[in-house]
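Input: structures, listed below.
Next come two complexes built around chain A: one with chain B, the other with chain C.
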Partner chain A sequence: MQTIDMETTSLRDLNATLHAQAEMTNQTAWSIENPKGAHAIACGLDAPIDVTVKGSTGYYCAGMNKQATVNIKGSAGPGVAENMMSGTVIIDGDASQYAGATGHGGLLVIKGNASSRCGISMKGIDIVVHGNIGHMSAFMAQTGNLVVCGDAGDALGDSLYEARLFVRGSVKSLGADCIEKEMRPEHLELLADLLERAGADAKPEEFKRYGSARKLYNFNIDNAY
Partner chain B sequence: MKTDQTTAPQTVPIQSATFSNPTNAEIRRAAATGIYDIRGGGAKRKLPHFDDLLFLGASMSRYPLEGYREKCETSVTLGTRNATNPIKLDIPITIAGMSFGALSGPAKEALGRGATLAGTCTTTGDGGMTEEERGHSKKLVYQYLPSRYGMNPDDLRRADAIEIVVGQGAKPGGGGMLLGQKISDRVAEMRNLPKGIDQRSACRHPDWTGPDDLEIKIIELREITSWKVPIFIKVGGARPYFDTTLAVKAGADVVVLDGMQGGTAATQDVFIENVGQPILACIGEAVRALQDLGMHREVQLVVSGGVRNGADVAKCIALGADAVSIGTAALIALGDNDPKWEAEYNALGTTAGAYDDWHEGRDPAGITTQDPDLMARLDPIEGGRRLNNYLKVMTLEAQTIARACGKSHLHNLEPEDLCAITLEAAAMAKIPLAGTDWYPGKPGSGY
Partner chain C sequence: MCGIVGLFLKDKALEPQLGQLLTSMLVTMTDRGPDSAGIAIYSQENQTKSKLVVQSDDPLTSFSGLDETLSNKLGGAPIEMTVKSTHAVLQVPTDLLTAARTALTNANSGLRVMSRGEKLEIYKEIGLPKDVAAQFGVAQLSGSHGIGHTRMATESAVTTMGAHPFNTGDDQCLVHNGSLSNHNALRRKLRREGIHIETENDTEVGAAYLTWQMQNGATLGEALERALDDLDGFFTFVVGTKDGFGVVRDPIACKPAVMAETDQYVAFGSEYRALVDLPNIENARVWEPEPATVYFWSHGGTPTSQKAAA
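After this line comes the complex of A and B, so read on.
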């Protein structure tokens, strides 16, 4: 295990070191100590490495991640794993707003709660939240899956496209064009796989599925309000 | 002789200036359809503009340079503040961001070819980076937009600069719309959305909400790109003094300022014509902000919105900009609104020069379309040649004016080289009214 201490290593040197890891690197395990809420930790990674951040992070930790597995042993600030392309990001604590925003792929696991706008504009990422999520989550979400083991806040899935939303608890309100949909066998299968990969102790049958009514897909004056 | 009713002079019919024919036609159209008008392009209304400024030229107090022979440099470097690889351009005229989706692949290729031949850069748009454009653009600016369509770290790293789009002149505060007619398989795939649906581009970014957040977002983008490429911030002409100040505070290397004449692929006509300020009113305020921060020329200013010729380029630079950007003019150079398609424009209910339904994807010139038959009308090599020619002419024109003002570099042009011929232009640009040393609001003038 390689260790980088942010008390003595600058953010630039930290990220440059991680970016320098090639596809076939032998140094696959990295530990980052004393993050102390720093921003942009381990962003732009593109190698099959495991990075453990021993503490809480600021904005945009693991942003645009590819291939890497990033485990945050604390809570994450806004925009964690934003625009992730592939790989896995696991947060042991809570995540602030915009978690997984615009993500194209990979798996984001939040073991605590996620704040507002979780999965906003997601484009293929899978997000599993063990706890609750805040308002306006999955706003304009395009594709991918958002799984919430707890409750969802106001305006879930507003202006949703083709992303699938699964919520086990209550939904305070649904956003424009978001409706409850039938849970078919393929959805239960998908959900079971995601819950297992995310280490979530929940049964697929306990969830409800939400998706787009597809009534906003074509422009109409009546949509303007 | 007695005058009767039949021989008496008649009252001439007078059209209302308020309820003009176009206004009444729009009322009737709205009443019939219940939907507001969406169109492309920028503001069409008459606005104070660069035509309202003149150069004074050399005289007893200024020594001119020989018009054709003497050196007059045109190069500019963008992004000197933080980036290790700033963009060095031969001319101070860049190609503005226009999306693949709004424009065809060949049109994007033509823009790249023309810009490269002319020694300048082109810019992606809302829809990601295409191979046509990257492959044919020696210098390519990659736009970072609220929709993040097609955004990925690989394209980010192969860009020569990143332009964070906060707003654009045609619609400050507004998002975008790409109607389903233009969503081909390829466009749909690049944007991760189903084919044929209307695609909304959000009006604000999904993962930051203000300049403090943006400052951190910029750090993230710099970390991902190893601090190599410049980061531009593009704003619409709304509150240019404060927008420029906050952009610099957030860490921008370059501020791109777009006035209301700047075009869009599609938005509401009422938005285009009624929101934002003309670029003439914006440049001086942005320059003042940079000067107040001690950052004029350290953070470069690129302005756009109605730049058409070398005189406009020279005027922008004299007002304090480092470079200009063109969008609509570049499309016209490629062949947009060419009278040779008049019969087809007529069939669409319009005429050459007025065609602006770019969102419908039926562009006879084959530029703002994804229809394979129409797209084939634009040869990207010929388009690139035409754009290069146009850029060369603009540069020569700007040099001609600069030499006449005694300047050996376009950037040596200054406000003192200008006068205004209308009170409005004098007030907006803070340039003295012709024949006076005064402009409205001039400090110490009492007016």
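After this line comes the complex of A and C, so read on.
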């Protein structure tokens, strides 16, 4: 286990050290002490390493992540795991706005609640939230899966494309062109796998599925150039 | 972008440290607003006196003999003056506060009134937060609660009067992160209603709006609820009153906000970074205030209609 203390190591040096870990590194476990809400911790990683952040983080923690597993032992500020490509990001506490925004791949697990705009414009990432999510979540979500074990706020899935949204609790309101859809066996199977990987104690049968009605302007072929 | 901090003490033992804790929170928010900074502190040493804080670009001339001049205009009433850099705190008998304010305004000697009230003192200037805090010795101040602001200007000029907090009425003040888009129309409307608005700043209009609502009988909670309907644009507001402080965010809530509560205090920060040096923060309940929801904490327990914090 390698330990980096942010009281004594600058953010730039911390990230440079993590970036220097090659594909075949044998230093696979990293612990970051005293994050104290700093921004951009463990951003742009691209190696199969495990990074544990011992506290709460500020903006953009684990952004653009590839391969790495980042576990935040506190809450995360805005834009956690933004544009993640692969790997896993686990937040033990809550996440602030636009968690997992524009993510292309990998798994983001939020054990507490997520705030507004969770999964906005997601492009293939899987997001599992154990608690609730805020308003405008999955706005313009293109593909990937958003699983919410609690409730969803206003305007869920507004202007959605092909992303699948699964919510166990209530949905305050659906956004434009977002509708409830039937839960077919392949969805239950997908959901069971995601819940298991995210360590969420919920049954797939308890969820409802939401997706795009495909009625907006952009879905009409006559509007294509 | 701007930075906001706020600290409401439940534990009286922390009161001597209020200025120091707030200064540390404010300086942490420098990246969010290096243009100017301001702080509002609530404290009361003397039950019969109220405070007028005035500012001048030429303090040497303006403050020289100001206490005597004011005393003469108020029929020989006792006035105590403490000069702190470009600001002077004038302690006047509470029943003469309005008369004193009028006298100062009429004097037209380049004085600007920063705040008035029984407990409130506002210090604000352009410059880095650490320099502004040092200029007024904020770290040495004690008090029951306070709010602070670091400004990155978007809607109006970087001037002392454009800095936050804005004093809205006796013992009331407001800080703002965001930008109001209907401030011009609302300023015209409020001026027609007789509300004094000094600058072209959007936040001052927000502050004046709350004053106007409260002059018309609304409680602070009601005024904040109505602000959600009538103010257009982005805002996270923190308001200070004689007994407490309140928080409200617009329904879109894109301007960040974090709160923390322990048995000793309730704290607000634009970012968690601002809260990390508070006592026992590791065990505080930390959460993000909900959009379009009014939160309020008070020492006085005056009943208001606002939603209590969870």
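Just so we're on the same page, the second predicted complex is superposed on the first by the 217 of 225 C-alpha atoms of A that agree within 3 Å, B and C clash if a C-alpha of one lies under 4 Å from a C-alpha of the other, contacts with A are read in each partner's own complex, and residues count from 1 in each chain.
Basically, contacts are C-beta pairs under 8 Å (C-beta built on N, C-alpha and C of every residue); 3 or more make two chains touch, one makes a residue touch a chain.
Just so you know, these numbers come straight off a predicted model, no measurement behind them.
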Contacts of A:140 with chain B and chain C, given as first, second, both or neither: first
Chain B versus chain C as contact partner of A:9, first or second or both or neither: neither
Partner chain in contact with A:94 - chain B first, chain C second, else both or neither: second
Chain B versus chain C as contact partner of A:28, first or second or both or neither: neither
Contacts of A:67 with chain B and chain C, given as first, second, both or neither: neither
Which of chain B and chain C A:58 touches, first, second, both or neither: both
Per-residue contact with chain A, leading partner among chain C and chain B: B
First, second, both or neither for A:104, with chain B first and chain C second: first
Which of chain B and chain C A:17 touches, first, second, both or neither: neither
Touching both chain C and chain B, counted on chain A across the two superposed complexes: 58-59, 78
List of chain A residues in touch with chain B within their complex: 11-12, 15-16, 19, 39-40, 43-44, 46, 58-60, 63-64, 66, 78-79, 82-83, 85, 98, 101-102, 104, 117, 120-121, 123-124, 139-140, 142-143, 159, 161-162, 217-221
Chain C - residues contacting chain A, complex: 251, 253-254, 256, 258, 271-276, 286-288, 291
Interface residues, chain B side, partner chain A - complex: 34-36, 38, 147-148, 151-153, 156, 177, 179-180, 191-194, 197-198, 200, 202, 206-208, 213, 216-217, 219-220, 223-227
List of chain A residues in touch with chain C within their complex: 36-38, 56-59, 75, 77-78, 93-94, 96-97, 115-116, 134-135
